[in-house]
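Please see the structure below; I have some questions.
Going by the order they are written in, the chains are A, B, C and D; count residues from 1 in each one.
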């Protein structure tokens, strides 16, 4: 049985195949209609030359959050591919843990636009470290791009 | 002695501190004035849900190539931080090896703009898989951001 | 006397020198600390080939809203230049009137990041037609870039 | 008779409906397969507060050049809509005349990516003032978006 509303199941199954997220230690922590959260601890193996979390790793987690946010608003047979994104690095990626949120800004049958925000979280208030806007394409009927 | 022209030495030393590049298996293969190349083999641990190289990993390598391209045109005391970048994913990240090139488009004393291109390389002709435009900031006199 | 808090006066004076805004019929309608609104009526002379408001005109008004939002959070001697922006066109630029809002996302002494949203407004609810993220640079001590 | 190769005729007819280009004085000067050039003189009515050509006007001309570059590689029944673009303002828009070139980087049946460059031209060598990357969507079968 395919439940059209079971985006949580679809996303958990798809996320489990994201080896890159496993490699960087990023875990899916919240799945709502149109909104995704991913969290990961700081890890020295993911740093750039000054010891901060690498901008590309921040982008990887934000892109995944935005992509799955888009995936929550598609029909079960569709897949999502990122066409492009822009990221602004607002503060150095310093912190004990990081939270990445992706939200759908504009749903659509072919193109979905999502916005993401990355935060360093610890004892004090969360600090905004990056923002993303991503354009996602809804893919159907391609055997090599499913789920 | 600090040789103002020894950007190769500065970049090799800085790149060696990029733990994220080591983690994804990306190696610095070419350093010229205004231009950097980085190469890495395909690795299943860096894939997204369809088995392609993750867009965020492509971005990490392209951002590093663009950042060091900027670093080749600064004075030795300066450091580079990425302010923002945009990446277009032009073809799925499929291939045996990948080449990432960053080139300075506009040098400057405070802001440097660089463009990057990512290619899947194998037996046939190289295939363009992504393009990036990044805005880099030249940092001076900050103890936490050096090299 | 220069009142450090009189960003409204500074912005009105600077906006009055924006000939491009006059040409497209865009009027400054709201100035708050960190936030700017600009409004303009639809005008056939600003259309693209399908009769919608041209994406570049939408960008011009959004960039101006984002730039002046940045200007509200600088000291009176500074000026603002746009380094780069990205705009997503979310719906065709159809409508009787348009509202463009720019908000500062990240203030800074050298770099300010602002986000903008454009809406078509009429009798019904406002419709989001575009979003922007822009990176602004704070300029000081350059005679050719003042106000 | 519709000649599939007559992209020059299609583009001239479509460009003639671009009232925004007429308003800013921008003329189509070169149409090749995958490449478009547009030129315009400096006009004080298109300036921002420091007297330079407004970033939004630069974007309008670059977006048009990129959009029509995409249009040269589609079938005659298709139309082009800009989904998103990013522009970097590399130097102030100062000069007597401006040249805007758009080139297709990646053709496609649904998504086309194009890159643009803007130059200030005069007596000396042309000066690069801005670069753009734009994502275009190929539209078919929509009555309100034709040509």
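We take it that a residue touches a chain if its C-beta (ideal position, glycine included) is under 8 Å from a C-beta of that chain, and two chains touch if they have at least 3 such contacts.
Chain by chain, the UniProt names read as follows: A, B, C, D = Medium/long-chain acyl-CoA thioesterase YigI.
Everything numeric here is computed off the predicted structure, so don't read it as measured data.
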item: More contacts between chains, A-C or C-D; value: C-D
item: Relative to chain C, chain with the most remote C-alpha centre; value: B
item: Rounded Å distance between chain A and chain C, as computed from the means of their C-alpha atoms; value: 29
item: Gap in Å, rounded to a whole number, between the CA centres of chain D and chain C; value: 22
item: Chain A, residues touching no fewer than two other chains; value: 83-84, 86, 88, 113, 133, 135
item: Graph class of chain-chain contacts, one of line, ring, star, complete, other; value: complete
item: Interfacial residue positions of chain B with respect to chain A in the complex; value: 14-15, 17-20, 22-23, 44-51, 54-57, 59-64, 79, 81-89, 92, 144-147
item: Contacting residues of chain A [partner chain D, same complex]; value: 83-84, 86, 110-111, 113, 133, 135, 137
item: Chain C partner contacts - residues on chain A that touch it in the complex; value: 86, 88, 90-91, 105-106, 113, 115, 128, 131, 133, 135
